[in-house]
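Per-chain residue numbering starts at 1, and chain names A, B, C and D are given in the order in which the chains are listed.
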């Protein structure tokens, strides 16, 4: 792994994350724990930790961005959810980019801009 | 958006997902809904939908991979969790790749291979 | 089961819920599904369904109480979370009332009224 | 509050829990935090803490029951989910017993014993 500064959302592909997570799991011989059901459970748990950072708080976006400790904690918990999501993708040999593209197409079809053009929202 | 086939985990960066999600949200004037707390709540909800696909089932990985409808559904729900994760990253102006790199470093430090080298696992 | 009207929070004990849930599970031969891990997963799923009823909404309590369909839906989803919680208590042969009493004592000790007397809140 | 030993699932009604939770919340002036959305978020968080106790573990029921520390922790986390569920019931002035009765009727209708009589399960 090179220096942090070399990696950013501008240049890192999903494949990189997949390889990093796979290596981490295999080096610890943890593949046996990473069944689809266990990973989904882990996503629930990490989402809960992320959620706790905001529970009973009414932070504005600015207050969050200006709170360095909170931003660090949020970054860590977002990363944890993401890491398990990537591990699930690894375990089932999926392509996250392709899944994203297809789901976005469905979402655009379901929530057409002609119908949802004034800031309306309702579950469809 | 071009054809699905052009996009894969080998060549898509996080910036692409960020732009796609931002465009989707803005075209519907939904930014006002995408507060950090609401997005985290949405992650809980989508994780729940993902989880339901496996609830009370004992699928092997092979059974999941060979069940085309299930794979489609899992892809869709993974994508939904990911979309909201990206929206949270957008809202708070974070860099997911950098968050990932930093958290993986902490994880490697916390779960050292010298200690976790035999498939052991316990919460630290 | 007698008429709904006979049961209310004033006169129903936890034992009643435990028996009803146990009977429901056994009549369908579903005990094998109700492992602790599966039930906890089900709680995540049902919490997600409850959560979706409020997602991206800014209902006041009055708006919720005056929306009969929403109240019915919320009642149903609260009941689902509760049913699985009771099933977990059944599976592990616990006493929910005793667990509640003990946890409330811990909570009173942790969040002392001398310290939390002005509507303050922070995670301890 | 009298001695723990006096309370058990055989004799405690939901009204007792409702009053205890209400008193706890009011004594700390926390009613303002206990909006329906916040409480639902808290349920997600507490379910996550409960879930973590079992994550990546393959405990049998007997192993859990014989592990006194784990049983204490599980009791505490079940109680936390329950406390927030009761707080939601309080906030919306609902009757949990009535919600339970009605949902169980729907469940019996949906999962008829004639159809689900051999340990089958599928989402309906």
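The definition used in the following text is that a residue touches a chain if its C-beta (ideal position, glycine included) is under 8 Å from a C-beta of that chain, and two chains touch if they have at least 3 such contacts.
Keep in mind the model is a prediction, meaning the values are calculated, not measured.
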item: Set of chains adjacent to chain A and to chain B; value: C, D
item: Whole-Å separation of chain centres (CA-atom averages), chain A against chain C; value: 28
item: Chain B, residues touching no fewer than two other chains; value: 33, 37, 40-41, 44, 47-48, 51-52, 54-56, 121
item: Arrangement of touching chains [line / ring / star / complete / other]; value: complete
item: Interface residues, chain C side, partner chain B - complex; value: 33, 38, 41-42, 44-49, 51-52, 54-56
item: Residues of chain C that touch chain A when the two form their complex; value: 37, 40-41, 44, 52, 55-56, 121, 123
item: Of chain D, residues touching chain C in the complex; value: 1, 4, 7-15, 17-18, 20, 24, 27-30, 32-33, 35-37, 40-41, 43-44, 47-48, 50-51, 54, 57, 59, 61, 64-65, 71, 74-76, 78-83, 85, 88-89, 91-108, 111, 113, 116-119, 121
